[in-house]
Structure formats: structure tokens, C-alpha cells
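What follows are several structures.
Below, subunit A partners subunit B and then partners subunit C, in two separate complexes.
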Partner chain A sequence: MDRRMHWVRWIGVAFILLWTLIPIYWTLNTSLQTNAQVTAKPAYYVPPTPTLRNFATLLTGNGDVPDSVRQSLVNIIIECAAATIVTVVISTLAAYAFARMRFRGRQLLFYAVLATMAFPAYTTLIPIYKIMTGLGLVNTYTGIVLVYVSGFLPLATWILYNYMSSLPVSIEEAGQVDGASRMQVLWHLVVPLARPGIISTAIITFLFAWGQFLFPLVLSSDISTEPLTVVIASLQGRHVVPFSLMSAAGIIAIAIPAVIAVLLNRYIVNGLLSGSVK
Partner chain B sequence: MDSTKKHLRSAVLVAGAATLALAMGGCSAGSSGASGGSDQTKNVTINVVLASDPPPKSELAEFTKETGITVKWTNLDWDSLQTKIAAAATAKTYFADATDVDWSRVGQLGKLGWFYPMQKYLKTSSLKADMPQLSSFTVDDKVVGIPYDASFMVTTVNKELFAKAGITTMPTTISDYTKDLQQVKSSGAVQYPLDIPFAAAEGLSTYWYQTTGAFGGTVLDKKGKPQFTSPDSAGYRAAQWMISALKSGLVSPGNINVTDSQGMQTLMAKGNVASVFSDYSGNVGSLYNVPDSSSVVNQVQYIPTPGADGVGPNLSNPDSIGIPVNAKYPKAAAKFISWFTSKDTQVDFAGANGPDKVLSGYALPSRLSAVDVLNSKGTLVGGDVLAKLLKTRAKPVFPEGAPSWYPQFSNSVYTNLHAAAAGNMTVDAAIKAIAQTATQLSSGS
Partner chain C sequence: MTVGLQAGRPVPGLPRRRKRIDALPWLLVSPLAIFIVGLALVPAAYTIIASFFRVDELDPPTRFNGLDNFVHIFQNGAILSSMGNTLLYVLVGVALSTLLGIFFAVVLKQKFRGRSALIAILILPWALPGVVEGIIWVNIWDANTGLLNSMLKSLNLIENYQVFLGTNHFVTVLLIEIVQVWQITPLSTLLILAALQNIPDELYEAGSIDGASSWRAFTGITLPLIRPGITVAMVQAVIATLNVFDQPYVLNGAAATGSSVTMQTYFVTFQNLDFGAGYALSLIITIATLIISFGVLKLVYRPVEF
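Right after this comes the complex of A and B.
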């Protein structure tokens, strides 16, 4: 029975891996071919003469498309990094307050913050767009970062709340006995102890921000703020799709989050599981 | 337990109040972007957002020099652009001074009042004779956009593959066309001679509309009622012809997941098929005769679309440019549109005056006068056929303008035809399902 279950498990794992990796492999395969090879019949399952020409075109070439891709790569890094930093700072403060401080309406506020996660994000698109227009923040980094922060803050707060709740209170009490203020306790004792949770929150926020499409599409008007995800979509022409170039841009877009996810995988898992086991 | 319930109830109340406040804030704030833009036309910068590369910088600079209007151009893919148009219009906020108006969304846009009637700024009545596709953008006597190219569906054939099968006289009826395709297949010139994009996407819907037109009918009547339920109707026969082409091996089984542009790029342009019944006007010059993307250079030609009893119509699917009601500088945008769609500009964009003035991807001018100029200069590939088709055969898909519920209808068309092609339902069942959708939508239910 155990042996059979063992095989079933591995077949399941293999299926999920194939299901997930084949589209990524096909994108990579396409990105390493010329457009003529991409449209050949039968299709090449492996690049016949692998070329980095598409990547070179996008990363070092001249012209509107390479310029747009490079600028959008800078944009997405700035927007995701800024959103991550702001989210982590605010959620750390909020999570600490919810986990440790006792004040009136604490639980009510906490549940209210969590309840916002239940709203489909897209239902807020039009009101947010209108508010941002009113504030003059459309097509600005600030506008996009603010929207990301508002969207990811509840999850980040929840993850850190769970993490901080699992930390022993006695260390903080000892600090307070020694005369440390709340902020000193937070900065010198809680933050170092919660560092794995903070790192996982930062990674999760960054990855979520990286994958955004609809909000930045609506909130940015030109290449000065458009992230890579939006620019990749705009590479397709009205009647002609540059498959190999789009695939190369797609590989560039997934490279950074993929590296982060692979290298820091244990933090992501720890963050999501924090508080689930005591 | 009670405490938890109490907290949850409170949380829901707070969340509800927060949403309401957000929505109200959204509704009341930012009226600064609402309609009633400036009439200023000198020293202003307008935003033009289209699913197209920008015109050459020299051309835009010339326009700025003439008018004092600077153009900031943004190229966005068609789907994303439609999302932006809808989001901005719903939020009543500014995002562009001039942008795309697609033929299929004319009904929606007209009904919702998202675009200025162009009559307010241009003398559209004088354009009618020179722009046959203007009617595709007219709804309730309001012109919501001015067509800037003349995209219509046209039949293309690879004359060399046809010749290999011994066919030198092009077919003029669907039955002859079908026989010729069978002859091409049996000759071994190509295994699957016809491209039909059976992927569940808009291209399948437009292919069916064009084939329905060729069979001598229309899809919907003036009131939006389905005209294809009877087995004798053109729409029914068109669907049956398309599916039977797949089943009989005229179309590759792999086409079940091929979209229209994929079929043109990977099948027709590579010599893997001998004909596209519903191709894009302009593809011969912009795709099939381009050595970088094609292995059939100088082999493909336009033919008048074969119909049930002779040459059939060619349905129009052009894009136009209009002015959103939240534009900041509508009058300046109108000046730009007037220049952008003028005869001289279109002639430049189409390459008659040298490569420096070409608008990348520009198919065919929307003005007959511009097409005539190109034709007389010999710079339009297949120009004589295209000019003739544009003048005499190009017709709107929906003569009264696309209905406001077109997106749902189109979705039903391509979903059900795809299912029929995949063998998941019969043609009859697919037609019934599409008809039911059209009946429901047209009756407002």
C-alpha cells in the first residue's frame, strides 16, 4: 500500500511539474529561435540553432521596442521595490500593534483589515482610478506604489501578525523592564526576532507586485511608468505577433521572480505557514 | 463564540462602510477629468493612444509645425486599449484626446455616449463618398469614429499551389472554390489547402460572418434577430461548410487551436495552405510578400470572394479614431484626426512617397481617393483588386451598426463554432445555441 502510494505521489508530482513547466519551457524554446524557426512546421521542440539574438535585441538593441522593454524593466523594479519597502514597514508596525498592544477596537480593526482581502480586487479598479485621477497620481510611480501597498498590506499584516504572535512575550517584557520604549523594543528586539517573517513578507509582496497587470495598465499612461508586464502585452501587433521577441521579453520578466522564488523558497513557505502550528 | 460572532459582524459592517465610502469617493472625486474640455488648439499637447506604431517623427513634426499641436503617441495592444477605454469612460476620467474606436464596439460606444459625435467637429457628410466604411462607425446618425484604414475581409489564394493542381482560372462561386480546394489536396500540392481559424477567438466569428455574407445572407437583422436558424439560411450553410471543410480534410485538424493571425503567419505565409477564405486586406503586401516573414513571396494574390451564385461581398472590420468625451483638448484632437485621415497623409502612410513617411503596419487607406493615388502609382500590391473591392464590395458586418451586446454575441459565436469543430456538439446544436444567445440579447433579457 505504501509502495503504491509512493508511486501515486510521484506521478502526481510529475504531472504538476509538467503542467507548470511545459509553458515556461515552450516560452524559453521560442525565445531561443528566430521568428522563421518559430513559425516552421513541424514545430521545433528544441531550438535547432539556439540564438540569444532576441535577448540581445531587447537588452542592448536600438529602437522603440528595446527602449520600451528596458525602461519598463526599470519601472517594474522601482515599483515593486518601493511597494515592498512601504508595505513591509507599515505592516510591521500594524502587525506589532495588533499582536502586542491592547487598545479599544483592536480586534475589530484587525478583522476589518482582513475582511478587505475578501473583496475581489477588480471591483475597486474604477473607484481607485477615479481617486488617483483626482489626486493627480495617474501615470506616476507614487500612484502605482500606493495602489500596490493598499492591495498587499492586509496579507502582509496578517502574515506578520501570525509571526509576531508566535514570538515569546517575555523577551519584550524584559526589554521594557530595562527601560526600553515600545519603539525601541520593536526595533531592537522584535524586528531581529521576526526577521524571517519580515523577509518572507517582503518576498511575497514583491512577487505579487511583479505579476500585476490590470492595475498598472489602467494607472499608467505611457512608458514612463508602465511595468514590463504591460509592455510585453503591447508588443503584439494588430495583425502580426512577434512570437520570439515576446517570448524573450517573457523570459526576462520571469527571470527575476524565479531567482527570488528559488533562492528564498524556505522563507516564503515559512511565512505562509507562520502561526499555523504552535 | 458570541464574542467572535460580534467581532465578525462588526468587521463586516466596517468593511461595508469602507467600500461604500470608497465607491462614493470614486463617484464624487475627480470631476476635474469630466467632459467639457478646452477648445484650445494652439500650443497644446494631445495624447493619442492607438493599437498602432506611431507615424514617423518627421510626419508628426510637420503636423505640429502646421497646427501648433504636439502629439504624444502611445502604442497599446488592442485588448489592453479596450480595457483602458472602458475603465476611463466608466470612471469619467481623462486618458486620451484621441483613441481607437473598433467597428465591433460601435453599438456599445454609441449607446453609452463615451465618444463625441464627430459631426460636432468635422463635416462628416462630406466624407461619406470618399470613405465607404464610415457607415460602420455610424450609430443613430452619430459618427463615433473616422476610419483611418480600410480593413476588410478578402479571399487570398496561393496561385502557385493552385497552378500545381492545374488550376489557373480562379473560382467565383463557393462550389467551384470547394472543388478547387479538393483538387489542390488530391494533387498533393499541399495536404490541407484551406485555413480556417477554429480557435475560440474573435477571428472565428469574423470568418463566419464573412462566409455567411458569401453565402448571400447576413447574421442579424436590423433588430438584432438571428437570421441563421433555418438550414437553408446563409449563416447555417456557412457554419456547415466551415465544419465540413475540417471534417473532410480541407482544413488541418490542428486548426482547432489556430487563431486568425496565427493561421496567416504560420500557415499561409509558409505555404502550408493554399487559401484563406477570410483574410485581411493588405496582407499580401504587409505579410506574404515580406521575405523575413514569408516563404511565399509573390505567390499569393487577392481574388474576389467566391459567393453562392457569383462573387460575394467583403465585410468590413476597420478601426477608426474618435474623441472620448473626457478629452482635454477635443478640438485639437479633431484637427489631428482630420490630418491623420486626410488623403495626403494616408498616401504617405501607405508608402507612395517613400519609406520615410510609411506608417508601420498600415494596410490600406480608408479613402478611395488615396487608394486611387496608390493604384495609379503602382505602389499598392494587388491594388486594382483591392480598390475595386473597396469601392463595390466592401460592406459593414452590421449595416445598422454593431449591436451594443456584440461582445457577448461574438463570444457565443466562437465558443459554439469551436465546440462544433472539436466534435463536442453538432452544427445544428451550435447554431441553435448562438441563435438563443442572439434572441435573448436582442430582446434585452
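Right after this comes the complex of A and C.
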């Protein structure tokens, strides 16, 4: 590598770090100040007297805003966890059938799954709202989870299909010679071998679900089911919540996905690549 | 993949039994099939059909009205201006995320200490909700407390704080799209990086014997060979930017300066309750997404063999 490449590399590393971290740092910085400090011009680039008061207000305080932030945090955790579990179970079963069995309609269904990935998610926004209204599932956890599952299943099935297809068949055949049923083979041999793929699928599904906004905006009508994303956008839209408190709410909303992304990035990278490059 | 006409084929290693229908594969895929048909295929078909009907909540019998929904759309100034904005979102977003993705991927292809930690940090914006990224960047672009104003003021580049968002279409769209680029560039980078890592080192060694400079090696060897990765990155950027909603909704509200077609779909359908126009708009975005994605594929993709 010549000298010039060396400089390009370090400029690139610095740029990636600044580009990614400055916006997050700035919100963290704002969340640790009082609102009087936030309005100073020019701004404080580090908090002059760091305080956790904004976080305490949101997580333990009384009033409309803290109540809705706490309730919507509970909602988003329930909805994301449920959507992840259901998606992973259904896509594991289907991916196993696609990867290892031949049956009538296999190709048709497989291409239908792939085709839905080419369509933008919002194509179905209005009909899905109509269906959920018809089923009486608007403003319920069930309705939101069903919609998330339908949205994430194609990618999840595709990732797991690729993963299971890459596993050697010989181990499963040995299991069948030993008299295990195909469901026993799936549970005792395929699932343990496919564990990294299953973890990737679960993480990606969870993060996608956590980021959802327009679907729950349409499908939730009050705080009983609204996820944190919807509540944060509505607080922002009303312009009544000071910047320092908004920033603390933002930090609360990104804490869980940020920790997952940083600690489990290997699974995310592998899953995304096997899901996209084909 | 072969068509599954051999259902019920005996499992290897087991004694051959009498031929019977093997129901297990259908049992395994049936939950998936129910979701795909019920909540994806049927709704998508419904969007297509309903676009050509008068759909009114107060007048339930819906009537065929040909292209009326589309005519109404193209007579609506707010929708037309949102189409202009969306085109700009796509151009800015696809160009910026692809260029940054190539740059980041070239940096990350090299081996250095801390590389895997850098990848962990790089994917962070991809993992965060678009709504919260809107909040994060409001904090930067804001006219009273924003980081950009503060820095320009600290550097004595401006006398007074400026209003950046909502004053004109181009600046507003550009600043909002930077937020979305922040979110989608990590995936572009990973896709292009994967393509980069497929290039055998021998190709560069052959190039350096010929005395090719780094830049020449990049344009002559690297770029042509990562076209498949760039194609996939650009297609995902097209889909994301054409359907942008969260970032303009949070950063600029309903204001016309940054409104996108998906935002107009939401307003028209769920605030004006004009469901017919909503379906027609959904169909327009879907068709535009498919056409532009296919165009990018034709234009950028070239098969590569090593």
C-alpha cells in the first residue's frame, strides 16, 4: 500500500466516526443539560453542569408527558418482542420446508414470498388498515403484531432459507437413519446448527419492528397501544416539550437498539448480507 | 429449484411405504402462506383495484370511476409539489448514500486495528428508528438551539442564527435527506464492502506491476468489479427514498417545503378521508418504485466473473 492510501484510510476512519457519532453525541449532550442551558447562544458543547433530571422526569415523574413516554416504552417492548418471536417461529418452519422438502406449490409460494420483498411496504397500508378495522383489531397489540409479522416474514424466511440451504444434508440424513422423525430432525439437528442464522433473523426483525412508525401511527388510536416512536413524534409535533426533555426521550428510545447494534453487530452484518446479496 | 411434483417421495434410508400424500411440508409453510396471502398479496391486489373506484366512507357502495382518482391527484397542488420534493429526495439520497457507501467500503476493506469496532459504530444509524433520527437532527438544524447555527456562530461565519428548514424546497429537502442518508448509508456500505472483498488480490498485484496509480487501480479495477454491490445498494436506496415518511414528518411537519408523496398519501387518506385518492397515490409510488429500481438494475448492473 502506498503512502497516499494510508492518509485516505485515516481521513476515512475519522470521517466515519464523526459522521456517525456527532449527531448522537449532540442529543446526549442536550439531554444532560437544563433547558436554560440548551437555549444559550452559542451552545454548550459539553454540559456545564451534567444532570440526569430530564431522565428522572420521564422515567419517574408525574404528568401527561412522562406517563405517555413510560406507557409507550412498555408498548414498544411488548410489540417488538411478540413480533420477533412469532416471525422467527413461522419463518423457521417455512424455511426448513423450502430448504429440505419438495411439495406441490413450493415454487409458487417461494416466488410469492420473494415478490413481496420487491414491493414498498406502504403499498398495502390502506387495505391493511381496512382489514384490521374489519377484524376489530385496530388499536390492539394483536393487530400491530400481525402487521409487523406479515411485513418481516419474507426477509426472515429468505435469510433462514439461505442459511439452512448452506448446511450439509448428511447430518440430517444420519438423523433420519437413526429413526428420528422430520420434526425431531428439525428441532434437535437443524435448529441448533442454524442458530447463528436464527439469531441474525431475530435481531434484524426486532430492530425493524422497533423502527416502525407509519403503520402504528395508522393502527394505534391511543396510548394503550402506541409505541414510543409514535409518542415521540407527537410530542415533537406539539412543540410543547422543551428540547432537553425531547432529547432525553430520544436517548431512551435509542438505548435498546443502539446496545443491540453495537454488541451484536456481527449477526446483523451476516444476516443483512445473506438477505440482500443473491 | 425444481417444481415439487414428487410429493410423498420416500425419505432416504427408510423402508419404502405405500404412496400417500405427505402433508408435513404444507403444514410447515401454511402459517407463512396465510400471512403472505392475507396481509400482502390480497391487500396489494386491493390497492390496484380500488385505485379505479370511488371509495367514500360516507357512501359505502363504491363505484367504478375510471381514472378520476388519478385526475384528482394531478389537480392537487400539494400532491404535485410533494412529487417534486420526492424526486429530489431520491436524487440526493441515492447519489449521496452510494458515494458515501463506496468511500466507507474502500476504507473498511483495509485491515487495521479497531476495524471491527468501526463497523459496529458504522451500522448504528441503520439500527435506530427514523423518527428518533428526526429528533436527533432537529437538534442540529434548529433555528434557535441547533448545532449548525451554534458552530457557524462560534466560528464567526454568521452574525445571527439562521432558519434552515422550511424556507425553500431545495435546502429543506437537502437537509432532511441528509438525515435519511445517515440512516441508509450503513447498509449501502456493507453491500459494497461485500462486493469489494470478493475481488481477488492478484488483480491488484497485476495492476501494480503495470505501474497503475491507486486512483487508476480504483477506477480501472475496483469500480467495474463492484457494480453488482453498487446496484443492490442503489436499489435499496431508491426504495427507501421514494417512500420517505418519518424524517420529513418529524423535521418539517405538514409544511409543503419538505412534504413527500407518502406523507400526502397519509394526509389525503387518514385526514381528508379520500381513500380513493390514497389508493391511487399508493399505486403510483409502487409503480414508480418498481420502474426506477428496474432502471437502476439495467443501467448499473453488469455481471462479474473472476
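Quick notes
Basically, the second predicted complex is superposed on the first by the 263 of 278 C-alpha atoms of A that agree within 3 Å, B and C clash if a C-alpha of one lies under 4 Å from a C-alpha of the other, contacts with A are read in each partner's own complex, and residues count from 1 in each chain.
The working rule: a contact is a pair of C-beta atoms (placed from the backbone, for glycine too) under 8 Å apart; a residue touches a chain by one contact, two chains touch by 3 or more.
All values derive from a computational prediction rather than experimental measurement.
Overlap between subunit B and subunit C is detected when the two structures are superposed via subunit A. Applying the stated contact rule after C-alpha superposition, one finds that A:S91 touches subunit C and leaves subunit B untouched. Within the superposed three-chain model, A:L114 lies in touch with subunit B and out of touch with subunit C [touch as defined at top].
When the shared chain is aligned, no partner comes close enough to touch A:V145: not subunit B, not subunit C.
Here subunit B and subunit C are compared by how many residues of subunit A each touches, and C touches more. Of the two partner chains placed by the overlay, only subunit B lies in contact with A:G134; subunit C stays clear of it.
Within the superposed three-chain model, A:S221 lies in touch with subunit B and out of touch with subunit C [touch as defined at top].
In the superposed pair of complexes, A:A248 makes contact with neither subunit B nor subunit C. Of the two partner chains placed around the shared chain by superposition, subunit B is the only one that A:D64 touches, whereas subunit C remains out of contact.
Residue contacts after overlaying the shared chain place A:I126 against subunit B and subunit C alike.
When the shared chain is aligned, subunit B and subunit C each come close enough to touch A:T39. Remark: of the candidate stretches 112-120, 166-174 or 238-246 in subunit C, the one overlapping subunit B after superposition on chain A is 166-174. Subunit A uses residues 39, 41, 107, 109, 112, 116, 118-119, 124-131, 214, 217-218, 230, 233, 236-237 to touch subunit B in one structure and subunit C in the other. Residue ranges on subunit A touching subunit C, taken from their complex, read 1-2, 4-5, 8-9, 12-13, 15-17, 19-24, 26-27, 30, 38-39, 41-43, 90-91, 93-94, 96-98, 101-107, 109-110, 112-113, 116, 118-131, 146-147, 149-150, 153-154, 157, 173, 176-177, 182-183, 207, 210-214, 217-218, 229-230, 232-233, 236-237, 243, 246-247, 249-250, 253-254, 257-258, 260-263, 265-266, 268-269, 272-273, 276-277.
Put simply, subunit B touches subunit A in their complex at residues 7-8, 10-12, 14-15, 18-19, 22-23, 25-27, 29-33, 47, 49, 51-54, 72, 74-80, 83-84, 87-88, 90-95, 261-262, 264-267, 269-270, 272, 280, 283, 286-287, 292-293, 319, 361, 363. Contact residues on subunit A toward subunit B in their complex (touch as defined above): 35-36, 39-41, 64, 107-109, 111-112, 114-116, 118-119, 124-131, 133-135, 138, 214, 217-218, 221-223, 230, 233-241. Those residues of subunit C that touch subunit A in the shared complex are 1-7, 9, 11-14, 22, 24-26, 28-29, 31-33, 35-44, 46-47, 50, 100, 103-104, 106-108, 110, 112, 114, 116, 118-140, 142, 144-145, 147, 149-151, 153-154, 161, 182, 187, 190-191, 194-195, 214, 228-229, 232, 236, 239, 242-243, 245-246, 249-250, 253, 262, 265-266, 269-270, 275, 278-279, 282-283, 285-286, 289-290, 293.
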